[in-house]
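One chain, chain A, appears in both complexes that follow, with chain B as partner in the first and chain C in the second.
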Partner chain A sequence: MTGKLTAGLAIAVPIVLFGLLGPLLVQDPSRVDDIGLSAPGAGHLLGTTQTGQDVFAQLAYSTRGSLIVGAVVGVLTLLLSGFFGIVGAYAGGWLDETFSLVINVMLVIPGLPVVIVISAYMPDRSLLLVSVVLAITSWAGSARVLRGSTLSLRSRDYVLASRVAGEKRWRILLVEILPNLVPLLASQVVFAVIFAILGEAGLSYLGLGASGTFTWGTMLYYAQNGLALRLGAWWWFVPPGLLLALFGAALALINFSIDEIINPRLRSQTRAARRGWRMSREQLRKAKEATL
Partner chain B sequence: MRHLLRKLGFYVVALWAALTVNFAIPRMMPGDPVEIMLSKMGQKGPVTAETRRAIEALLGADSSRPLWSQYADYLTGLARGDLGVSLVFFPAPVTSIIGQTLPWTIGLIGLATVISFVTGVGLGTLAGWKRGSWTDNLIPVTTMFQSVPYFWLALILLFVFGSIWPVFPLNGGYDVYGVTPGWNGPFLGSVLYYGTLPALTIIISSIGGWMLGMRNMMVSTLSEDYMLTAEAKGLRPGRIMRRYAARNAILPSISGFAISLGFVVAGSIVTEAVFSYPGIGSALLQAVGGNDYALMQGIFLIITLSVLGANLLVDLLYSVIDPRTRTTS
Partner chain C sequence: MTRLEVRGLVKEYRLRDGFRSTRLRAVDDVGFSLDHGRTVALVGQSGSGKSTIARLLLQLERPTAGEILLDGRPVARRGAGLTRYRRLVQMVFQDPFASLNPHHDVAHHLARPLRLHHPDLSRADIDARIRHLLERVQLDPGLAGRRPHELSGGQRQRVAIARALAPSPGILIADEPVSMLDVSIRLGVLNLLADLQREEDLGVLYITHDLATARHFSDDILVMYRGRIVEHGPADEVILNPKHEYTRLLADATPNPERRFGEESRTPG
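The block that comes next holds the complex of A and B.
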C-alpha cells in the first residue's frame, strides 16, 4: 500500500459511492423550478441551472452515467485486448500475424473521428451504444502492450518446462501465463476507463453524446449552452469538470502504483543508491591509512 | 529492403481498411442519408444528375445494384479525387473546403504537438537524470493537467484569458476586420496572436504524458550495465546523459509520437470547437450539424489519410534510428 495508491483510492472510492448511492437520495434531476440560476444555498446544495434544476441532483445522476460508460468500456477493452493481444501472441503462426495486423490497423485508424461519424448517422444514441463505439475504437493500444508482454512470457523457461511436462495448451495459457499478466491487464483497464470517461465527456461536449441521459459531459454541454461561463454560474460548470479531473487523477495515481509494482526499477532509486556506494573523502583516507 | 516492403504492405492494408470503413458506415446505418442530403440540396439550388450520381456513389443508394459494383464506383470516384459536393457550403466541392481548412489545423495542432513533444522529452530526460530535482517534482503537476478533460481546461483558460483579463482573443483564426489573408506581416502576426492560446492549451494538457514516459524510460535505462561502464570510464555527465541514456530511452517516445499523431487530428476537433478555429475539425462539426454526409465522409477520409501518412513517415524514421527493428522481422 503505497502513498499513491492510498491517495488514489481515497479520491476514487467516495466518487464511486456517490455515483452508486447518490441518485437514490436526491430529487428528480430534470424537475424544473422558477428559481433559475440561484447560487448554492440551503434548498439546493450546489445551486440550480438556468431552468431551476438542482445541480447536485444532476451531478449524482451524471456521476452514475459516466461511471457506467467507464465500466462498460473497461470490461469490453479487457475482453477485446485480451483476446487479440494474449491469445494471438500465445498461439503464434498465422493467427498471430492476422491478429497483430488487426491490432495495428485499428491503432492507426483515428478513433474520435470514427465515433463522431457513427454518432452523426445515429439520431438516437443510448449510453450503451456510445460506450460500445468508444470501446471498439480504443482497445487496440492495450492489445499491443499485452501482445508484447505475452511474446516475452511464452518463451520463458518455466513455460517451456511446463510444455515439456505435457501440460495442455489452454492450461499453460490460463495458469502459467495469465497470472503474470494480471498487473498489466489491471493497468490497461484503468487506463481504458480514464480514456472512456474523458472521451465520452468530449463527445457529449460536442453534442454527440448519449441522448436523454446525464453524464459529466452532457452537464458541461448544457452549462456551455446555457452560457454558464458568461453569466458567472460557476456552481454549474465547475463541479462536473472538477469531479472528472479528480476521478481521472485518482485513476492515474492508482495506475502509477500498479506500474511501480510491475516495474521495480521505477520504485527503487537505483542511481541514487549507486551514489551511496561511493566512498566519501574521509573513508578514502581511512582506507588508504589502513593499507599503508 | 524486405523490412521496408513489409511496412509498405501494412500501410496498403490499413489504407484499404480505412477506405472500406468509410464505404461501409453510411450503408450500415439506419435511415437514408442520400435522400436526406438530396432533398436539402434541392432547397438550396438545382441538383444536376451528375451531382446525384456522385453522392449515390459516395453514400450508397437504395437501388438494386450489387454492393461490389457500388464499391467499384466508390473507389474509382476516389481515385479521380471526386469527393462530391458539400451541402453546408453548397455548391462548393468537398475537396476545396478541405483544401481551405487543412492548413489551419496542421499549422496549429501540428506545431503545438511538436513543441509539446520536444519540451516534454527534454524535461523528462532531465527529470529522469536528476531524480528528485525540480523537474522531477513538476511531473505530478503536469500529469494532473493531463487527467483534466482537455475541453474543460481550454474553457477555463479561455474564460480567464479571454473574458476576465482580455489578453487573448475569444475565438477565430485571425483578425477578420483588420488584416487581409496572404503572405504579409500583419496577417501572419495576427495568426500567431490568435493561435497562441489554443496552442498553449494543447501543450499544457499533453506535455505531462511525454515527460512521464521519457522519465520512466530514463530511469530504466540508467540502471543498464553500459551506463555503469560509461560512468566508470569517466565520461562527462552531459555526454552520458545525452549520448548514452537519452538516445536509448527516447525510442518508445518516438513510437508513441506516431500514435499521438492520430490524436492530433482527434484533439483538433475539440480544440477547434472551443476556440471556433477555422480548421478541419470545425468543418467536420459543421458537417455533422447540417447532415452534410458528403463533407463528413470526405473529412474523415482526409483525416485517416494524413494519420496513415504521418505514421508511415515516423515508421521509416524509426527504422533509421533503431537498427534493431530492421533485423528482427
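The block that comes next holds the complex of A and C.
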C-alpha cells in the first residue's frame, strides 16, 4: 500500500458508501417546503434550496446518480475497448485492420460536441442514455493503448510456448495474455470513470444532462439557476462541487498508484522515494539529472 | 520411434519499404532429418535462418515451399493430427526469462501440457507427474508453487525443459538453450539435456552458434549460412575437416587452448 493508494481509497470509499447508503436514510429530495432558502441548521443538515428542498438529501441522491454514470461508463468502456483493442490485435489479419479502422474513426470524432448534439436531439434523456453516449465517445483511446500492449504480448515467448503446447487460441488469450493486461485495464477503467463523472457534470451544468434525476452536475445547474452564488447560499453549491473535486482527485491518486504497479520505474521518480535513498544533496542532484 | 524429415524447405518474408517490397529468403532449400536417439546440431551465425527453421518445424509459421514429414507422412496443420504433432514435437526456447509467463506458477506451466495431451489424468495423477518432472530436471519438487521471477535463470531453463518433456515427446528442438545463461551453469543444463535425450530416446535438434558444444553434444552437425545448409556430416568430421570456407572461418574463430599455448611455449620468454 503506497501513500497515494491509501489517500485515494480514504477519500473514495466514504463517498461511495455515502452514495450507496445515503439515499436510504434521507427524506425525499424533491419535497418542497415553504421555509424557502435557509442556512444549515437543526432540521436541515446542509440547509435548503430556494424552494425549501433539503440540500443534504439532494446531495445523497446526486452522489448515487453520479456514481451510476461512472460505473456504467466504466463497464462499457472496459467491454468496448477490451473487445476492439485486445481481440483485434490478438487475432491479427483483416480483423485487426477492421477493428483498428473503427478505433481510429472513433478516436478522431470530437467527443463533447457529439455528446451535446445527441443530447440536444433527445428531448427526454435518462441517466442510462447519457452514460451510453459518454461511453461510446470515450472508449477509443484506451482501446488504442490496449491494442499496443496486446501486440507486444502476443509475440512473447511464453505465448509461443503455449501454442507449441497445443493450447486453444481463446485459452491463450484469456489465461496467458489477459492476466498480464489487468493492471493496464484497471487504470484505463479508473480513468474512464473520472472522465465520465466530470463529463456528465459538464453536460448537466449546460442543461444537457439527464432529465428528472439528481447528479452533482444537475445540483450545480439548479444552484446556478437559483442565483445561489449571488444570494451567498454557499451550502447549495459548495457540497456538490467539493465532492466532485474530491472524488476526481481520489480516483486520480488511485490511478497513479496503479501506474506505479505497472511501471516500477515511476516509483523512484518521486521526491519522497529519493529522500529514502539517504544520499547527499550532490548525489541527489546527479540522480535527478540522470532520470530527467 | 519418431522421425522428423524436412525436404526442400523454403521460407520467404516480404519486406516493405515504402511502396517497394522485396523478398527475403530466410530459409533456402533446406533438407535434413531428425531421428530418435540422435542429436543434430544446427550451427550458424545470427540471422542465418536457424531460428526460422525452429519456428517452421514447430508450425508457428507456414513454409513458402517444401514439406515436413513426420514418420514419412506430411504433417497435419489442423485438428487431431496437429494435436498429435504438438505432443510429439516440443521446444525449449532461448530466453528462460521470456518463455515462462510471469503471471503463473511453475505448476501451471507443467500442468497445462499434461492436461492437454493426457485428458484422462486425475488431479492427483497430474500433481504426481509434476513432482516427477521436476525431479527429472534436478529441481526440488517444492518449487512447483513458485512464480518464475523467484527462480534463477538456470532453474527457469530447467522448468522450460520439464515443460517440453511433459507431453512425452519424441523430438525436442532446443533453440540456443544456454546462450542466455551464466557461463558457470551452461554445462549443467547441456549435460541434463544430453542425459534426458539418452533416457527418453529423443531426437534432438540443438540450435547453437557455439561449435565447441555442438561437437561435444551432437552426433551430426549442419552448418547454415545465409539460409542454406553449406555443410553437413558427422560432428568430428565437420569440425576437423571443414569443406566449406564458412565452416573453416567458424572453426578458426573458436578459441583453441592447444593452439594458443602451443604458440606461447615456442616463443622463449
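Here are a few things to note about the model shown:
Quick note on the criterion: the second predicted complex is superposed on the first by the 268 of 292 C-alpha atoms of A that agree within 3 Å, B and C clash if a C-alpha of one lies under 4 Å from a C-alpha of the other, contacts with A are read in each partner's own complex, and residues count from 1 in each chain.
Going forward, a residue touches a chain if its C-beta (ideal position, glycine included) is under 8 Å from a C-beta of that chain, and two chains touch if they have at least 3 such contacts.
Only a predicted model underlies this, so the values are computations on that prediction, with no experimental measurement involved.
In the three-chain model built by superposing on chain A, chain B and chain C fit together without any clash.
After overlaying the two complexes on the shared chain, residue contacts for A:N180 are found with chain C alone; chain B is out of touch. By the touch criterion defined above, A:A91 reaches neither chain B nor chain C.
Of the two partner chains placed by superposition, only chain C is touched by A:R163; chain B is not.
Which of chain B and chain C touches more residues of chain A: that partner is B. Of the two partner chains, neither chain B nor chain C is touched by A:I35.
Contacts of A:G202 after superposition: chain B is touched, whereas chain C is not reached.
Minimum Cα separation between chain B and chain C in the superposed model: 5 Å. The intersection of chain A residues touching chain B with those touching chain C, taken from the two complexes, is empty.
For chain B in complex with chain A, the touching residues are 10, 13-14, 17-18, 21, 25-26, 29-31, 33, 131-132, 143-144, 146-152, 155-156, 159, 163, 216, 219-220, 222-223, 228, 259, 262-263, 265-267, 269-270, 273, 284-285, 287-289, 291, 293, 296-297, 299-300, 303-304, 307-308, 311.
Chain A meets chain B in the complex at residues 101, 104-105, 107-114, 116-123, 141, 194, 198, 201-202, 205-208, 220, 224, 229-230, 237, 241, 244-245, 248-249, 251-252, 259, 263, 265-266, 269-272, 274. On chain C, the positions that touch chain A within their shared complex are 58, 60, 82-83, 86-87, 90-91, 93-95, 98-104, 112-113, 116-117, 160, 163, 166-167. Against chain C, in their complex, chain A makes its touches with residues 156-158, 160-167, 175-176, 179-180.
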